[in-house]
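Next come two complexes, and both contain chain A; in the first it sits with chain B, in the second with chain C.
And then the complex of A and B:
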């Protein structure tokens, strides 16, 4: 697996495809619940945290240029502790993938297919996911780059909506208070997670350290900008009070416009969104499967992909209503700062103190 | 080969048989009227079209009314009368009777906002008198109510005599405490057997509280910088003459000031470029003449704007979103003042600057 290398631009799109996903529909609402019309500032702030996190990860990964996190953890923190870490990371990625999947299932059922049993979509999604992620990282990266052309479809929202916006709706900036904005950024972090893949993709990317850092930081910046712009647009489109009752503002505002040829742009938009939601699911399931493969000392990650994909279907179906999803997502949200920031930071500090470092071979 | 085997079951599953909605089974309504004859009752009138062929144009096949306590219940009672399932997802025009609009209109729309397949781009209109009667009148030369009303509204929007709205766009101001909603209003002309755009219904707190004419709506849209494709006026020019002008370009600056005693003062400063469409006295090449015409037009426009603003304040309809601007500047101050009482009392001054830039192909 080591020999499979990816190009810098592929690294960029893997991170972007993982970050941009279910958040497109719900993130503006989720942060608005906490930070009001300043929710977009929360997203920007979360983007800043992500940049700091990326910096820590680059500093850590640069000490072991040829190894992934799972490879060098035993050197830094010892064999048993690192085994525990791999278990935790695998569980975290698996639970996150379940959240993404159930989010996808609930949105499709609410918006487009109310009568289709969610099981059908779960099986289809898991099916195509397995089909892709049982392959190596190169194949996955190529698909992600290809699917990223659909980002143009997201941009159409901006083009259509611009004439209906009332920027006075978001003024005055910062009136909700620093505390609310900070709290909102916690919610936004989940949508921006995906940059942690750098810990695994770093040694696989063919580029100097500095370029890799620029690419990873650029990818997070790109996602942050897209999310912030989506939030800004929805806040300027809906009045503050109305936004409180519209949980998926982005798709709701697309529904208000009509083109000469396409009457229901929301359906087109949802089909594009589905690709991004599924690629996020793929990424997390792939990470979980590769962790599990190391734990069971399998020669490749295929059998763990099959197992986890089958397990994810009933798990995602257990989450039935948006309320359940909120409760489940809340727990993931609590855990994610630990995995995205705390653990890499601690490992980096330990590596610094114990002077663990390796040269490029 | 392995991939092919995996794809086969997927192909079967993607056929999506659960949510198919076949056109032949659906009974589509393109135009619907809502009336509330008395509190707690909703009458829904729906027009169903008959598809046309190459030889015969589409016609209205059926007009059915259902009553119930809620919009959905009334729709369900219409559903009981028709063959095939009722489908509102293609709705083009939603009409609300003027008496009904004088009560809170949001409860009538809630069902439509809640349904993912509902057409948020449907036009919403207020009708003078009961909405149901607009499906009983004969409209000369028009066989299909929905198409006629939709075109009536769309062309009115293009000519800037009614505001550009739809189901979704009207929802934002209905909820906003700093902006009030407005909807087009139409009337039926007995003599011509046609409907006619009457102007704009003004709302406050989700209730219709007044109306302005089509001309005044154009003036309002100019003040809001919301001129659509065309916008024209016929104004008195001189002793007896009238002049029809087309507004080419409007640039409005709206400035809101809140004094220490919380008195709100709004200054509307407008730069208008117009082109003369009709002016029998001619001689539009004389500089002197242009100058006097500029001045009289300025005065006439200011009078029209002033009248419009007065009517808005009488109806307590803050369509221009002056309240929203105060919130944008200082939300605490807005909370302190009672905007419903402060707005009609506030000072709104309009200043117009006119420049004639065109006169057609003769002088």
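And then the complex of A and C:
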């Protein structure tokens, strides 16, 4: 079977769709808890880290232009160590996907359907996810690009909100101190993760190495800007004191807008958000499933998609309250720098030292 | 007696009468199989034919008369028919008989001569009923394969137009034709198409609809993956974009593949009107698609879950109109949708004079009475009527039927989950569209995969002189289709 290749613009939107997800609602608040009204600087800083991470990944992938991470790891660090790494990556992605799913379920039950059991939405989400991600990457890319048209909806929020903002709320910039900002960026990193998809998509994209790097960097930059703007707008809309008691500032903010045709755009906004949340879940589950398929030496990733999707439902339902979610997310947050930065960096260094490189034919 | 015993009892006999008997036997004494003895000079002979299939005047004028009046040396000199071949065995001869040909046997000669003399019962070339256009050609395909190919060849006068015949249907032996433009169509596609057709094994292939299900990629999808058209101009436009046409004898529809979702929204009218108007109606049709699929669902979502979305002025009216109703919004909308479907289905079957009565009874009487009886709200009627109108906007009746079905699952989804139901429903719908392929080519192109350059002839219709390239989805051999036609304007 010939390899299914994706176009550069599809790479862009796959990364954007993975990054932009549940963070839309919660990120400004989560970061504010640590970095105060300078949270937006934390997000920018996290964006900078992501750019560095992207650079490492591109450097690594450029040594093996036709192979994914799972293909070249055995060459670089040996067979057994690489199997261990695949197990770890698979688990990491699976746990991340569970966090995304339970986040989606919890917000849905808080904001939209308080009396419907989360199981219903878990099953529907998992069903839709399986329907898409059992297909090849081309089909997934097509859908992600299509779904990205909904980003216009988020931009519209900015347009409507401008008149309500009070920029004095965010002044003086940087008053929370560098340490708080740095700590906050750790929190923001989770929302911006998704660029690691690059390690798998790099060989599948039809473009020169430099273009791929630009596309990946551009995608992360785009998501960083969207998140930073959302945070900036929420911090300018609410005062510092208000923000402490408003866990989903973006929705509360949107609630204030009334249009002539649509009275409550927060309801529409939540529906858009559902799409972004589900696409993030899809991405992580796809990555987990393709790792699992390699581990069990399956010819395609379908059976592992089915298994993991079924497993993710009870796992996500175990996380019942926002408090549980914070505790769980804290652990994922600790692990993600390791998987996003440390491991690719170490593999790159090892590849550099052992002079492992793909033979160019 | 089993058919095996009747089959091909060996080469033909020297005696015409014996040959005629063999054929009578082969056709189980079928009443319309006739033979007509004659004498040619000193030799006697016989004509064997199926009375219902041959054109009597042609047989009399070009076979019987020359054989009796003139005295040529060779009988083959006498016959003045265009098609004059020989059949090798009884199977071939029987096949020829079934196509309306006449077999000629002479005393002392073992060859079986086949003369073309088919009766052609033709319907006049008229404009297709369900694909009318305002401006442009008003001819349409008919039930005869040769006429259809004629219409095609008249429009594309090039030697690169390839027509390939196949016979499908073990019992019906329907003649089918594949047509493609050799210098444009992707040879891989043509090969794939022929491979799929060669797999067909069924008793009858009366209409392309039978074949359609055999060759399409996902036959369970609600979306048609082959474009049906009865319009030669539409067929030719697609042919010259590098797509493949499929004709079947006995059916006026031409199948086109590979096609995209947007092919169903293109109408020849778009190209005959100005490009701004054409673009407007394109967009309108796609908007109509959204209305036809989603409007009832959206209404149900708003009324049963999110009435607060509606601005203040309208809330009271909407609330007021549904307050007194005994049924939930889903049921009233379903009830009205099904009524409309009933009226439509009844209207198609009935003859035109009674059809109008149905329109009046259905539209005016039911529509008005149902509201005053308090079964359905006013707004539901508006929503359902709008949806019905929007669903008829699609220029293809195939797509029209599919998209009318799509709204029902969406209505159920929104009645359970509100806006979320709409989101889930649309996600599934679009994932499905992204997955679909027509002859291995992405069905929802150029929206997914996004090809901005190809939106010029899908979302909108740009001026013809700006449409320089063919769509990417057909992977045509020759990509450029227009070159500086308005060069004169630069000077």
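The definition used in the following text is that the second predicted complex is superposed on the first by the 356 of 361 C-alpha atoms of A that agree within 3 Å, B and C clash if a C-alpha of one lies under 4 Å from a C-alpha of the other, contacts with A are read in each partner's own complex, and residues count from 1 in each chain.
By definition in this document, contacts are C-beta pairs under 8 Å (C-beta built on N, C-alpha and C of every residue); 3 or more make two chains touch, one makes a residue touch a chain.
What you are looking at is a predicted structure, and each value in this text was computed from that prediction instead of being measured.
Student: Once the structures are superposed on A, label A:275 by its partner contacts, choosing first (chain B), second (chain C), both or neither.
Tutor: Touch partner of A:275: chain C, not chain B.
Student: Looking at the overlay, does A:262 come into contact with chain B only (first), chain C only (second), both, or neither?
Tutor: second
Student: Look at A:253 in the shared chain and tell me whether it touches chain B only, chain C only, both, or neither; answer first, second, both or neither.
Tutor: It touches chain B, and chain C stays clear.
Student: State whether A:131 touches chain B only (first), chain C only (second), both chains, or neither.
Tutor: Both: A:131 reaches chain B and chain C.
Student: With the two structures laid over each other on chain A, which partner does A:324 touch: chain B (first), chain C (second), both, or neither?
Tutor: Touch status of A:324: no partner.
Student: Contact-wise, after the overlay, does A:7 reach chain B, chain C, both or neither (first, second, both, neither)?
Tutor: second
Student: Please indicate which partner A:145 is in contact with in the superposed arrangement: first for chain B, second for chain C, both, or neither.
Tutor: After superposing on A, A:145 lies in contact with chain C but is clear of chain B.
Student: Which positions of chain A sit in both the chain B and the chain C interface?
Tutor: 112-113, 124, 128, 131, 263
Student: Note which residues of chain C are touching chain A in the complex, please.
Tutor: Touch list, chain C to chain A: 306, 308-312, 417-420, 422-424, 427-428, 430-432, 434-435, 442, 444, 447-450.
Student: Which of the residues in chain B end up touching chain A in this complex?
Tutor: Touching chain A from chain B are residues 3, 6, 9-10, 13-14, 16, 18-19, 116, 119-121, 166-169, 171-179, 321, 324-325, 327-331.
Student: In the complex, go through chain A and note every residue touching chain C.
Tutor: Within the complex, chain A touches chain C at residues 7, 9-10, 108, 112-113, 121, 124, 128, 131-132, 135, 138-139, 141-143, 145-147, 260-264, 267-268, 270-272, 274-275, 278.
Student: Which residues of chain A touch chain B in their complex?
Tutor: These residues of chain A touch chain B: 110-117, 120, 123-124, 127-128, 130-131, 164, 166, 168-169, 171-172, 175, 237-242, 252-253, 255-258, 263.
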